[in-house]
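Worksheet for the structure shown next.
Chains: A, B, C and D, in written order; residue numbering restarts at 1 for each.
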Amino acid sequence: MNEIIIAILRSGTPLIYVTLAGVIAQRAGVWNLGLEGLMIIGACATIVGIILTNSILAAMLIAILICVLASVLLWFVIDRLKANPIIAGLGLTGLGVGGTALAVQSIFGSQASVTAPFGIPKLGPTFGAYGVLSIAVAAMPFVVFGMWVLLRRTRFGLRLAACGEHPFAARSVGANPSRMRLVALAIGGALCAIGGAELAAGSLQFFAQGMTAGRGFMAFAAVIFGASHPVGATFAALFFAVVGALGIRAQLMFGDKIPHDLLQALPYLATVFGVWLSGKLRGGAKAASSFAELRDQ
Amino acid sequence: SGGLVALVHTQAAGDNGPVDQMIAKLKQLSEEKGFEYRAVYAQDPATYETIYRTLGDAGAAIIISTFNEVAEPFKALAPSYPGTKWIQLFADPFEPAIPNVVTVSYDYYLGCYLSGVFAAKMTTTGKTGFIGGVSIPPLNADFNAFKAGVHSIKPDASVIAAFAGSFQDPAKGQEIATQMYNDGIDYIQTDAAATDGGIIAAANEKEGRMVSCLAPGQYALGPKSLISIVGLDFGVSLYNEATKAVGPEWKGGTHEHTGLGTGVIDFIPSPVFAEQGPAELNARAKEALVEVEKARAGILDGSIKVPFNTTL
Amino acid sequence: MKDSFITVARSLIFVAFALILCSLVFQFAGYNAGAMLWAVVDGAFLRSGAIEQSLRWALPLFVTAVGVGISFRAGFFNIGAQGQFYVGAICAAFAAEAFKGGPAFLVIPALIIAGMLGGALWALWPGLLRLRSGTDEVITTLMGNFMAGLLLVYVTSGPLKDPSGSGQQASSRPLDAAYRISDSLGLSPTIIAIAAAVGILMWLLVNRTAFGVLASLAGRNGTMVEWQGARLWKLGLSSFIISGALAGLAGTIEFMGPNGRIASGFLPAHGFTAILIALVANLSVVGTAAAAVFFGGLASAALYLPIMAGLPAAAIDIINAAIALFITARSKFVDKVLRLGGRPS
Amino acid sequence: MSNLPKPALECRDVTVKFGDVTALSDVAVSFVPGQIHAVVGQNGAGKTTFARVAAGLVQPTAGAVDVMGQEIRTGQVSQSRAAGVELVHQSFALPPSFTVAETMEFGATGKGGIYSRKGLAEKWRTHLAGLDVHVDLNRRIRDLPIETQQGIEIARALVMDARVLILDEPTAVLSPSGIDMLFARVRRLKERGVTVILILHKIREVLGIADTVTVLRGGRKVEGPLPIAEVSAERLANLIVGDAIAKTLDRHERDALVGSKSPAGEGAGHPENARGPSVLSMKAVSTRPDSEGIALDGIDLDIRPGEIVGIAGVEGNGQKTLVRAISALADLAGGSIVLAGRDVTGKPLAARRAIGLRIIPFERNVEGLSLTSSLWQNWSARELLQGSLLKVIRPSAVRETCDRSLREWSVHYHNSAQKAGSLSGGNAQKVILAREVDRDARLIIAAQPTRGLDIGATAFVWQALRQARDRGAAILLISSDLDELFDISDRVVVMLSGRVNGEFRAPFDIASVGAAMTDAAARVSA
């Protein structure tokens, strides 16, 4: 049992951090498809930072700084230059994936993946079997709770949500939707940096090109699945982690009878089923309406 | 001598293994022989032809590429660029042969067979595993050979395969390996390029977990767990072939078969592990290696036939 | 007319801006920026055969992007073009096995139809889920992409695997030459004709039929169309099916044309590029054609760059991404300059 | 001079330009504190723009704004709010997914901190109760009736110590009793010393509540603030529309609009107009309960050609469900619907529309128009749905027909490619009329057709409905404005809790109609 929980926390935590970044952006009215790029920037910057500074703290601060800057760039393009947020987000993702590869190459002179001498500190033996988890995993529930408080239990959160849902209402009480989006994206950038750091330096100490492997997009799916609610989306991300683990289990159990490729599709199938079911229970969330509004921005 | 030598690699660099080895060797060679080189990553099979054609048009002296998927584009284009020397690593022989193409095949699966033999001797739980990047035919063949190797020693041992779905997803590799180790599997053979990094990390988490990978560059990642590799020194192979090709007596239209015992493919115990690994495992490894030696000899003298089977 | 001139000019200015930004970065990273910029232009449009090469990529992208535009117009964020493209190609490949040996004039259309059906099928289930149960199509189509990618691996190393040689190729058997619709260069009268037919038909559908107007209304305000007596699910599902069929058609073109077979993991970013094109074109069919040629040129240049400018693969991704980041940008200042410049004084 | 109180709000030569449009030009006006001021004018006269300038939402191109004698920085909501100016919007600016408590909190300033759901509800309950808004604080805005939403919007505007409260067309969405409640509320605010500025369309309401009135026309101040005692209804009407247009109104319309006669509607009903068999015949129609409103419970309703039947009732008593049932947009639990002699029970809306059903829906901007689509697309939707989806059309031809029709209905617009959202409310409504009121119309459902329209546009809509009736169409008019109902209906049916609770013929007796409605109100709240 412990092992299963550990596995799920491990694969779920990076996803959850990035999902929270997506949640805060979504609430502020930005469809952030740059999550994948921000996450890989966070992963790369952390590993490279550890090597260059020999300090995990400095490395993560660097990662957070770079991701926040990248988010500000996204904000500038979307908000100031009125670019289409979806295209711009995908562009940022491309920049992240390509830029980290190029950065590694120009810093280390080869395309080789990078191994760091150490990673994020582990909880340690006092926590028994859970000691192998990094402190970022342990911090995760607090961050989720913090985000929930921030978004659902403070006036700031209300104003942020108003900026996404009804910008005019937000403006008419004196909030500045543009600035709110900046804040939301910047916070999201920091969260993506932590998510990327946990992916690369949580239980691994390793950066490989493209190692986020679509997790940013899964996080985006979790945001929608979780109806942009910090806790709901967290559970959606956990759900993805669980079905991912079950997919592996299915390969180990049935791999000799059913083709592996088809078994690997099970998590995706489970996701479709889950979204369908939650839609039924919620009475059908409408994403298209928000998309129609996006088109006219 | 000058000219352009291009390596078109169809797997991403950064695997601490074959691709990185090839690029390093190509660089070395270009410094030694004074030609310009390009390492082009061709991720997408739909683009292979275009890339080769562009290289041909650019007057490349030598084009080196990898894996079977490039065979068709080679066949289509090599005749149009007779001045260019084409080398396909990891290939079936062309029929009919094309005069300016050299193909090289590797019996990598035989190394996996030896790893299977070794695994069977090393496992105490009777459970072994194999983690691949994507379930494509050559990897399937490797798994089947590994399994055959295990069963040649312990017919009732279990051999489980799983695939990460990507060659660049170490986190997924770690997740799969962790589940395998938790299931009691104590020996995993990898075949997943950069994904290996995560598998090694999983092995490092507990004493007694063994993992066998594919390149010497990985030794340092698991000094106490990475017990061996099924080495395929693409770099050396590339170096040899390219050196021949820039020389005057290059002969095209040939196929080179690289098997065990050529120095390119082999099952190699990790020297780092021999130094730092648990003494108990190292002691048993000594015995196991005797069995591996026997199997190797058997393969070389033909008394052991390892089937090449590309379906799971 | 003048507005569309400004739109295009604005895009080009921001594309140039993105390229300049990239070259600065590359200069920092130790590459020759001038050579890079030149190689982009040269590779996309100037070198011999560049136009053909650009079109080779542009046409399938165009076909897919037009389909993407159809579902976006109807208000559905169907991001499943990639999966529909794969399933189309897979179905065509299965059909090719089934109809082996038949006369080309029958087999070729049959394969095309099979491909379109396959693509449509892969759009049908997310469409049904969306319209019957309100299941969010963003997630279902994204999952559909992942699943179709795995399906492609499965068929190319399983049922459709090319067994020749040692059987190690993760690709299907090559299609008989008689059924190919182009050589490996990928540009043939047939493909041009298919793309043109798609362009014309879809332009007519969007701009000259009741469906076009109503689907666009429904996409912007479904409630209003419902109060007019339209059946939303009919409009919606047709849009899903059409967009899937077109993505499937593009997959079939790749299979029967330049590729001549399907291979594990081919064209992994085709669907996303198509989405980009459709959005950049603001969903207009004509605009999609122009944007497809532009992105086709980029795709062609991307293959040329590592060879001519010695740039690593990542650099090309960066160039593409920077362009995506900026291409839809607008700025009052730039517009003002453009308007001043465009005004005959 | 100095012993005069400082004006609560003063605009000094305010000019606002939106691109080429001048919304306000050189408007100079000052409002005495502690009174109720009305601002009137036609659609597009600049009333909303004026209000937004005062609230800091619009940065004027020129001019200055003083609050209590202090100049404030314009174009800054926070500045205006700090000075005590609050604005209640025409179409409320409340995020629909917010709960009542959240809505109150998000607009508040000052100490925030972390709240709990319960604490938040506690915090705002007294505030709301003090303003006579009684509502579960954990309900979501989108689930609330419009009156409550308005109450909340007002309460939200008063979370701080508001000294100037501007309400933009607050009565447009209210039923008569709602209006009474609002006015009572406004008077109480006045007693508390708040200066209230009401933007209104109905002269009757202006005369009933305001202390002064200011008239805007075409972005200029025509007159005001005039003490209400000095203006007659007649004069006000002329000021609003301008003398030229005032002359074109017939006496009947003028009287109705100005509200100068008793709203008994004698002479309005013409039951003798009705002839022939029923166009609509509903027998014992009940609907399944759904999220969109109260279910119908055994409705019997017959409408004959040439007849305008008004539906009266407090909003939320099944009027919307009635419309949805006739339009096949609600599931029937029982009963039958016959349209022009054909049983259409279970038939889709398309089939009903083919027989001649036309709908002017409740929510112009949601159900009636796609605001981000072009005018011609909006206009053509009905016709396009008559044929096959693949029918080939020629947009230029459609646009020509559309242009002709829109001109016929005197819609003011640039060209038919412009977005529907860029039209004023009156013009938007005319586009819907142009689409729905055609020669083939047999039954026209007109739901709140004049909501938010100025007096000219209102007269226009009435005219259109009367003409359609005279052509032989049957008209089902749903309105929360009893005067409107009495003025143009031939028959009035009162709805209560999804049932018919009485039927009245002209001359209507407001007391008995009102009784039938309040009866409903009593039952609803019970």
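By our rule, a contact is a pair of C-beta atoms (placed from the backbone, for glycine too) under 8 Å apart; a residue touches a chain by one contact, two chains touch by 3 or more.
Predicted, not measured: the structure shown is a model, and the values here were computed from it.
Most remote chain relative to subunit B, going by C-alpha centroids?
D
Using Cα averages as centroids, what's the distance between subunit B and subunit C in whole Å?
Here subunit B and subunit C have centroids separated by 35 Å.
Counting in whole Å, what is the centre-to-centre distance of subunit B and subunit D, each centre being its mean C-alpha position?
75
From the C-alpha centre of subunit C to that of subunit D, how far is it in Å?
47
Just give me the whole-number Å value for how far the CA centre of subunit A lies from that of subunit C.
For subunit A versus subunit C, the centre distance works out to 27 Å.
Provide the list of subunit C residues touching at least two other chains, using ranges where the numbers run on.
In subunit C, the residues touching two or more other chains are 150, 153-154, 157-158, 220-221, 312-313.
Where does subunit B touch two or more other chains at once, residue-wise?
39, 135, 165
Any chance you could list the residues of subunit A touching two or more other chains?
101, 111, 209, 259, 261, 264, 283, 292, 296
Which pairs of chains touch one another in this structure?
A-B, A-C, A-D, B-C, C-D
How about subunit D: which of its residues touch subunit A in the complex?
55-57, 76-78, 81, 87, 89, 93-98, 102, 105-109, 112-116, 156, 291, 372
Contact residues on subunit D for subunit C in the complex?
Interface residues on the subunit D side: 327, 329, 348-350, 352-353, 359, 361, 366-373, 377-378, 380-382, 384-385, 387-395.
Under the definition above, what is the set of subunit B residues touching subunit A in their complex?
For this pair, the touching residues of subunit B are 12-16, 19-20, 23-24, 39, 135, 160-163, 165-166, 168-172, 174-176, 178-180, 182-183, 194-195, 197-198, 201, 205, 217, 221, 312.
Provide the residue numbers of subunit C that touch subunit B in the complex, in ascending order.
Residues 53, 56, 150, 153-154, 156-158, 161, 164-171, 174, 184, 254, 258-261, 263-268, 300, 303-304, 306-308, 310, 312-313 of subunit C touch subunit B in their complex.
Which of the residues in subunit A end up touching subunit C in this complex?
So the residues of subunit A in touch with subunit C come to 37, 73-74, 77, 80-84, 86-88, 90-95, 97-99, 101-103, 105-106, 111, 209, 214, 217, 220-221, 224-225, 259, 261-262, 264-265, 268-269, 271-272, 275-276, 279-280, 283-289, 291-292, 295-296.
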